[in-house]
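So, here come the structures, one by one.
Both complexes below contain chain A, partnered by chain B and then by chain C.
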Partner chain A sequence: MKKLINDPADVVAESLRGFAAAHADLVRVNADPAYVVRADAPVSGKVGILSGGGSGHEPMHGGFVGRGMLDVACPGEVFTSPTPDQMLEATKAVDGGAGVLHIVKNYTGDILNFEMAADLAREEGIEVEAVITNDDVAVQDSLYTAGRRGVGVTVLAEKIVGAAAEEGKDLAAVAELCRRVNAEGRTMGMALTSCTVPAAGKPTFELGESEMEIGIGIHGEPGRERVPLASAKEIVERLAGPVIDDLPFASGDRVLAFVNGMGGTPQIELYLVYNELKQLLDGRGITIERNLVGSYITSLEMAGCSITLLRLDDELIRLWDAPVLTAGLRWGA
Partner chain B sequence: MSDGAITVEEVVAWLRDFAAVMAQEKDALTALDAAIGDGDHGINMDRGMRAVMERVDAATPADVPALMKTVGMALISKVGGAAGPLYGTLFLQFGSAAGPDGLTPDGWAACLAAGVAGVRARGKAELEDKTMVDALQPAADAVGAALGEGASFADALARGADAAEEGARATIPLVARKGRASYLGERSAGHQDPGATSSAHLVRCAARTWAA
Partner chain C sequence: MKKLINDPADVVAESLRGFAAAHADLVRVNADPAYVVRADAPVSGKVGILSGGGSGHEPMHGGFVGRGMLDVACPGEVFTSPTPDQMLEATKAVDGGAGVLHIVKNYTGDILNFEMAADLAREEGIEVEAVITNDDVAVQDSLYTAGRRGVGVTVLAEKIVGAAAEEGKDLAAVAELCRRVNAEGRTMGMALTSCTVPAAGKPTFELGESEMEIGIGIHGEPGRERVPLASAKEIVERLAGPVIDDLPFASGDRVLAFVNGMGGTPQIELYLVYNELKQLLDGRGITIERNLVGSYITSLEMAGCSITLLRLDDELIRLWDAPVLTAGLRWGA
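Then we have the complex of A and B:
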């Protein structure tokens, strides 16, 4: 294992200290229990937006804390859900009296911990709603699995919902919007290489020099199939095809196209992928109204990408364009 | 009611043995998890049980319900993943079922059964979903049945541990239907479930603690 770390046990805590020092204008970081919270939290009368999950997906979620997006993020250990006591403290830290929305990616550990946290928060009199994202079309057989995983759409939902909360929408409206974004978005990812959890010290899975995994999750969980390496054009077809067919997206639809890097893939390749995606969508009569290209929901140093499409309407476009000021995304502010 | 009352010290000894086994089996559990999950089960359980023993040794609660609440909350706050809430629920429900009066072997068996019921409710898992339940449910059933037949507490726990280990081994051919392993589909078959494995260790530790 070659990593820029000190002790594997201290990776999350030390990285959070660095994040806090780098972005003291935007956030403050509570060490124990760990959470990254907006510098001006709680914002009175505003719905608090909380998300969280295992670390190793940076900039998600801590990098999305700030005005116009998340109020607080709970980082767990690497690839491990945060804990209910941690989420409870984070919920209390951002409750401005209008309730708190928990945005939860559909992973068994996250669901169990967030359910316990919501129970604890309600016992303390805080109004909590939870919305689960589950946009990963790679999981075909939802009946006999833990269901579709929450992946790329989570980033888009956090931005759009954060903007709505900033406008003063109430908890029910914000939760409904989050469900709508999840319902209108689909994602599929792939990996060229594995990744190494610092505490484990060796790669999570083995992938041959001439192989790739199609339908990968964000922790190296396998997806649909392991196949021989192919061109970017072919890979885009294998990702975007199932995404388009699943919703389905149709000719005339307006979309946000999100090409996401898994952590170890350079920007030059992501734009090359975006070029292929643009041509493919043009060919299907689908209009890209907005785009996001970069590494926003990652799997440590895994090489690969995911493609997310979100069907847009005027309201979603307006909320996407609204000002955002976070470490990971910022415009208009 | 074959044997005498179970003391808090004995329950602490059981937990200490489990913590030692989690430290010792950390890499083996993590390897099982890497095969079908995300490769951190041993690391997380070891971290959680260390936290449990730190809290218990700092101030040992006076009775079993209070002890198990400390254990459950420590696991919930330190393990993370799915195992944190599930093991936390197991111990919290065990403690709630114990009541403030002394624990008998029959009472212990009822506590384990309550804990397992809690795990099933929290995880919405059934037998043969390839989870902790596949070790814990047979263990609870075996301990209860053995005591009902008049077996000693030591013998009942030994039969429970055997049933748990058999249940864990029986997860090998199963296709996972819960948790992260379920995304492997058919590829999850051929690997023993890490959660069932750590659960079998827990019951084996109990058998060792109360061996005749």
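Then we have the complex of A and C:
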């Protein structure tokens, strides 16, 4: 296992210590239970935005904590749900009296733990709403999920919903907006290589030298099909095609196009993929109004990419453009 | 070769088209000769800042073009110097009457071509100064270099010098500042895996399953030694030790600590490395005043990292903190 780590059991805790030291101007990190919280939390009168899930997907979610995005993130162990206790403490840390929104990716462990945490928080008098993201069109059920998996749209939802909360929208409005973003977005991913969970010490799956996996999940869960390597152009068709057909996106739609690296993919390839996606969407009459190209929801060192399309309207564009000041996304502030 | 590409011969051109489409608000991309230039270039009365070199190191340099950093970047083919003609056209594109600074990493091909380009530009009446970065303490000479290689400090110099040019400093002052940043910074890197140049189609070097290369260059050039895999703590000692001893950095120094990923290294590992570096520097009485953690000067999909330390004073801190608006670095704007 070739990784820049010490003891595999300490990877998440040590990485969080580094993150805390690097970004002390933006966040505080609580060690036990682990959460990453805005330095100025709780913000009185503002809806708190919480997300979380297994580690290994950085910068998601800790890298999205800060003004205009998340108030707090709960990192579990690698590819493992955080605990209800952890989510409860994080919820309490960001309750400024206006309630807290939980943004939950659709994985069975996360769903169960977030439900329990929401119940516990409500018992303590905190208003909580939960929205589940499930944008992955690759498979209906998977190794860790009943229904569709929550993937790339989660990043976009966190940005847009964070902006709305910053503007002072109430909990019901913020939750409704989050549901709308999830409903308007679709994603599909692929892998050229596997990843290795530190505690496992060996690759999550095996992929031949001339194979790739289409429809991969962010934990290396099997996708739709294992096929021979193909050109970037063909890969983009295989990802964007099902994404477009599913919503469906149609000629005249305005979209945010998000080309995401899985962790081990260099930028030179991501921009090449974006070039193919742009041509494909141009051909379908779909206009890219905004874009995001980079590694934002990753699977450790997996090589590969995902493509997310989000249908935009003027309000979503305005909220996307609003200032954000986090370690992972930063503009206008 | 597992890459998200089409024809290996088209990788740089296609990736640049994607970059141009994604960041049309910040830059224009000229196709032939290839350069990435600020959307508002030339800025009248401002010193133009130019850098360039082989592709495959993204976001360096094209990702650093924008307000407060570079005015223009010349990308060569992967790991290949741009041509003098390309550098000349780029120089002309950003000459706002106050001259142009060439920031050149110390590789033999780059040096020769930049010298020729500077001569050609001067013949056309453009004032040009060139500053060579050579911060890599790993080896004195290498496969592509006489003297030390230019690596991580180049990124920091581009930011700091870009801020000074934005403030209106003249060419002599900007060049002197660039030399000072280079003189105050040192770097050393390591690799867990090789990279594969698309046109070559096979790994640049072979590294056993339980080996790593200490002192690697950004083109996969051999480093100081090939040794058994070690913990992150030991790796940080092996990189930061020679960096500290070389300048030398001493107790009481204030530094910018830059933990850079080589392209295939996930963030969770980079922050873990930063945590080790912070502890090591604390133990030596060296204070981290600013930090940068991420993949900014890469070697395609190589897994590994480099550590750069830059000794700071109040002026360098102020210029580092100044607003920057590029695809790869963005704050305060």
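In the analysis below, the second predicted complex is superposed on the first by the 327 of 333 C-alpha atoms of A that agree within 3 Å, B and C clash if a C-alpha of one lies under 4 Å from a C-alpha of the other, contacts with A are read in each partner's own complex, and residues count from 1 in each chain.
Going forward, a residue touches a chain if its C-beta (ideal position, glycine included) is under 8 Å from a C-beta of that chain, and two chains touch if they have at least 3 such contacts.
Every value quoted in this text rests on a predicted model; they were computed, and no experiment measured them.
J.: With the two structures laid over each other on chain A, which partner does A:Asp85 touch: chain B (first), chain C (second), both, or neither?
T.: Only chain B; A:Asp85 stays clear of chain C.
J.: With both structures superposed, pick whichever of chain B and chain C touches the larger number of chain A residues.
T.: So, of the two partners, C touches more residues of chain A.
J.: Examine A:Asn113 and indicate which partner it touches, taking first as chain B and second as chain C; both and neither are also allowed.
T.: first
J.: So which positions on chain A get touched by both chain B and chain C?
T.: 78
J.: With touch defined as at the start, can you tell me which chain C residues reach chain A in the complex?
T.: 2-6, 11-12, 14-19, 21-22, 55-56, 58-59, 63, 78, 192-193, 209, 212, 229, 231-233, 235, 263-276, 278, 288, 291, 293, 295, 298, 300-301, 303-305, 330-331
J.: Quick check: in the complex, which residue numbers of chain A touch chain B?
T.: Result: residues 33, 54, 76-86, 107-109, 112-113, 115-116, 139, 141, 144-146, 149, 197, 199-200, 204-205, 217, 219-223 of chain A touch chain B.
J.: With touch defined as at the start, can you tell me which chain B residues reach chain A in the complex?
T.: Going by the criterion above, the answer is residues 30, 34, 37-40, 43-44, 73, 76-86, 88, 122-123, 175, 177-180, 182-185, 187.
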